[in-house]
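Note that the chains take the letters A, B, C and D in the order they are written out, and that residue 1 is the start of every chain.
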Amino acid sequence: MIVILKQNPDQEQLNGLLRWLEAQNIEVHPTVGTHQTILGLIGDTSEIDVDLISALDIVDNVKRVQEPYKNANRKFHPDDTVIRVGDLEIGGGTMTVIAGPCSVESEEQIIGIAKAVKKSGGAILRGGAFKPRTSPYAFQGMQIEGIRLLLKAKEATGLPICTEIMDASQLPLFEDVDILQVGARNMQNFSLLKALGKTRKPVLLKRGMACSYQDLLMSAEYILAGGNTDVILCERGIRTFETYTRNTLDLACIPSLKTLSHLPVIIDPSHATGKSALVPSMACAAIAAGADGLIIEVHNDPPHAKCDGPQSITPEAFDKLYRRLDAIHRAAGEEI
Amino acid sequence: MIVILKQNPDQEQLNGLLRWLEAQNIEVHPTVGTHQTILGLIGDTSEIDVDLISALDIVDNVKRVQEPYKNANRKFHPDDTVIRVGDLEIGGGTMTVIAGPCSVESEEQIIGIAKAVKKSGGAILRGGAFKPRTSPYAFQGMQIEGIRLLLKAKEATGLPICTEIMDASQLPLFEDVDILQVGARNMQNFSLLKALGKTRKPVLLKRGMACSYQDLLMSAEYILAGGNTDVILCERGIRTFETYTRNTLDLACIPSLKTLSHLPVIIDPSHATGKSALVPSMACAAIAAGADGLIIEVHNDPPHAKCDGPQSITPEAFDKLYRRLDAIHRAAGEEI
Amino acid sequence: MIVILKQNPDQEQLNGLLRWLEAQNIEVHPTVGTHQTILGLIGDTSEIDVDLISALDIVDNVKRVQEPYKNANRKFHPDDTVIRVGDLEIGGGTMTVIAGPCSVESEEQIIGIAKAVKKSGGAILRGGAFKPRTSPYAFQGMQIEGIRLLLKAKEATGLPICTEIMDASQLPLFEDVDILQVGARNMQNFSLLKALGKTRKPVLLKRGMACSYQDLLMSAEYILAGGNTDVILCERGIRTFETYTRNTLDLACIPSLKTLSHLPVIIDPSHATGKSALVPSMACAAIAAGADGLIIEVHNDPPHAKCDGPQSITPEAFDKLYRRLDAIHRAAGEEI
Amino acid sequence: MIVILKQNPDQEQLNGLLRWLEAQNIEVHPTVGTHQTILGLIGDTSEIDVDLISALDIVDNVKRVQEPYKNANRKFHPDDTVIRVGDLEIGGGTMTVIAGPCSVESEEQIIGIAKAVKKSGGAILRGGAFKPRTSPYAFQGMQIEGIRLLLKAKEATGLPICTEIMDASQLPLFEDVDILQVGARNMQNFSLLKALGKTRKPVLLKRGMACSYQDLLMSAEYILAGGNTDVILCERGIRTFETYTRNTLDLACIPSLKTLSHLPVIIDPSHATGKSALVPSMACAAIAAGADGLIIEVHNDPPHAKCDGPQSITPEAFDKLYRRLDAIHRAAGEEI
């Protein structure tokens, strides 16, 4: 951490700061110039609050050099995290495709889609039971019944299931769910993150629409700090001025997050674009860029889907897309 | 609602859509041009899901004309909502200043600040007990004890108190709290919003960092739809590319939200700017623009505040600011 | 175009509007509801100013249905534009890689890089002669001498050259340049765009950092409306809150712009990310998503480049990348 | 400037860097920790290119401590710049209101508005002659004739005039114009900025829609570095995800720019909001926040304005607004 002092700092306040830093086991190396003095802080500064130091009258500016996350930091965990869900491995060079409808709507629907997803190569079934909707008047999901139907589809196909949890109080209902999804709007619901840190289930953590890579990794840190090591990072678009797409898919997050962290990164092209016609090319791009997988909305009858129909692709389109993804995944991994 | 059809739409699908709309009590007025056909939908479209219609093969585009919120909509509630907290009235032309520390830290601290706030003219005491922090290693607030101390400060000064609730499960602890604050990161925590809709306490709803006016009003709608009529909208900065300030304070929300809605609007210049030196001018600007009030961080010793010190002003600065605000409030309201 | 009227519009103003629209050869189809009246305008509305109508007292809102650009619009030009530069074809399914240094620095440097680029498969040489720099104190390019050296490199290798023009007054200097590049900061320099519309040289038009797809297509329209049909659209990152990358690369622009327009789309992963380590994965992603090509910064000695060193890759890295791009281009185009 | 080295840097490269810095008259103070080494650079680093150093293999990260602008920097110019236009003083505590139509449309129009503006208290007449329009099909201004009419209005009223210059080649036409306006889309048209640096006329420099405070000050630096000391900074809204307003007016720029720089700051509430109904409250807010002035669109007949009608206010509304602004300016400046 670097502390830039104002010109002619009050000596007493400065001594106070130096003593306090010493007490935190931080070494201080000052650089004194004619116009300014810079303090270089060496040691474990991840638990030091930048705000505390910034607030001092004598301080002009504080800049972090070290990342404020540890458990999610590749510097301390150089090897890729590989998450096991049954026989499946997520991360470490594999391609995992999660697919299914936005919402579970009926037994017939979810089992039908699950079978199609599996046949094409999909590894995990997704489907919303509890749905976060911006409007209180929109369909809120089948809730407990939705989870029951997902479990039926799991039984019928052997596919593990991934579904969204909206609140820590729902945890008991998710006992047989394989992957707990945290939605973008809940990425900084710290009560929920703490509760998930205490479980031992993989968590698919979606990036919030206004959250930086560091914010995302700090939210992952909440879960990891609780003792749960299985966090999958998921980009689903950030909010920008462009309105043609629902959000702006930030694929540079793939190499960036993989540099900063050891956690797997998967991409959601469906929510990011909001338009089914854009999903295949963005899915291909994500795999070419090195994503560990995808989460894609597939619906047997998009125009009659209870939500997010415009971004769902049909099982036929998914089948074709999967073959394309496979070809690109091989081309991107070939020895050169 | 306007539905723009693709060229040469499939007649069968079109008939299906027309029948379905009719079943929802929506009148359809088609406009047939050489290159495109537009359907004008007349009736209560607030509960019609745009996505459902957009997903149809025959549809090019759907545009909402009517806002998707009703209870929060000024069109249906032309008079300003005035929220009563004891003798206090929030909204309708008054200026309500909520002030206090980011976090409650001790009995002495909170009572001391409360007295100073009251003396200067502040109407409500704020103070964080449960603190949403981006880092799991940062101070998380005094929690239950923090609420106990806020209540002591209320007893000592008579000031109503406003503090943040992070999770529906905490509601029983907030029984004696006067105003429940929902933080920006929880603005779309729909489980929490639904729970607050069932209470009868005023809710201070902060705008999420990537949320539009409409998103904010839809979140208010969740609370209002539950039967709780007392929602205060709060702008606290949105996230943009500018990094000099913590966030970008969007003061145009004041006249905009007041046009769209009847709910009171208050401004948080402390979180928006993240810099105490910018707080007074932004507070003055908000009042000049017609805000119903402010929520300002005041701390007796900002450099030693347990969080958000850099954005807190001292009680002395608050006292001076309050007098300035009062002068501007009068100048902005004068007969001309 | 859709005009939504306020409740109970003044009849005289309404008649005035209807007469004016008629004079513009626009048919008006009204939809009268209990709460509002909607006018559907049918005809060529691309030259009608939305602002003019929005300003009327009787108008609540105006929504465009038809795009305001014609020459750049795929609806009127269904076939892909293919731009010929010598024997080279840009667009229509080919992959064109433009590469070279940010700035031309010496004859030896530019010829050396040009040879390496050509050997690896690059089709066009890029190199800055006139450099737009945010600081007046930064290196501003070799200017005329830079163009002379680019022409030498063209002579030595046969590669066509692409370099940035900053001002219409520079046009005479660009007589032998093959592709004129317009930088992101000049995307809405309308004087320059008009001048380029009068030339018959291909223009590489970079998207401004705060410009939507529609803005980009409107700037292309300026050039096309002048009679120059050869515009290449180029995405180089938009500005968002994320600061880890220099900008946010918006790859969804590829399928989006190709839906909206017939013009070729190429991607600049170097300026978008600002980090050489992120360039290869973003280049692969762009090709997998269907881009017509790339523009990549290659420098023989990035640490001593006169500008943008951190985002330049070495000729060796470019060589390896080109082979990967080729493999992905084939995988993305394979029959499935 | 702070240079953070990677772990175990190559000693030879490091020595090369140290020698190079020495040659630039930069003192280097290293801070060696167990996990990283930090170099504190002391001296005039404003002309050192961050990119050059970032590109070195041994460097992890470079952080600027000192601002990269000098002439625009309050640290080196502590007193407010006051710009004189005839008897008028802009900056230093005064309130200067520039007003007039978006476009000059006729002699009668511009003289009529000029008289009304002057009567209400406006100090400078604005009016567009050369109009930057996103559509090539929109009205592009009366051009030279527009300037001639502005000069007639100046003659008739004595008001100085302010109008936009789009290109350096237009300079001779602006000989009698008092203030040269640079539009947001041209803020980084460096050819134009350099040309304006050579004039001795005040320049009103509008902030680009995706430009930070630092970018704006760097563009001002271009003009100042050329020897022209009279730059007025103007905020007119930045581009964000919010679409209700045309742009997001960032009023925190007022105290921020005044901290960073000595140049006057004026606010354009008309372009920022795009809605005349929002203009008065945003104008009041700007003055309350300490802006040195405003630039406001006033049109005698907004519904028939040739451009930007929806954001123009009538002379009657301007007259009322001016009185309100005056009251707020006094309240904001009162002794307390």
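Operating definition for what follows: a residue touches a chain if its C-beta (ideal position, glycine included) is under 8 Å from a C-beta of that chain, and two chains touch if they have at least 3 such contacts.
Values in this document were obtained by computation on a predicted structure and should not be read as measured data.
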{"item": "Most remote chain, CA-based centroid, reference being chain A", "value": "D"}
{"item": "B-C compared against A-C, more contacting pairs", "value": "A-C"}
{"item": "Gap in Å, rounded to a whole number, between the CA centres of chain D and chain C", "value": "26"}
{"item": "Separation of chain B from chain C, taking each centre as the mean of its C-alpha atoms, in whole Å", "value": "39"}
{"item": "Between chain C and chain A, distance of the C-alpha-averaged centres to the nearest whole Å", "value": "31"}
{"item": "Touching two or more other chains - residue numbers and ranges from chain C", "value": "210, 238-241, 243"}
{"item": "Topology of the chain contact graph, where touching chains are joined (line, ring, star, complete, other)", "value": "complete"}
{"item": "Touch list for chain B against partner chain D, complex", "value": "210, 212-214, 238, 240-245, 248-252, 254-256, 259-260, 272-273, 277-278, 281-282, 284-290, 320, 323-324, 327-328, 330-332, 334, 336"}
{"item": "Residue numbers on chain B that touch chain C, as the complex places them", "value": "2, 4, 27, 29, 31-36, 38, 40, 42-43, 61, 63, 65-66, 239-241, 243"}
{"item": "In the complex, chain C residues that touch chain D", "value": "46-47, 49, 51-52, 54-57, 68-69, 132-139, 166-169, 185-186, 188-192, 194, 208-210, 215, 218-219, 221-222, 225, 238-239, 302-310, 312"}
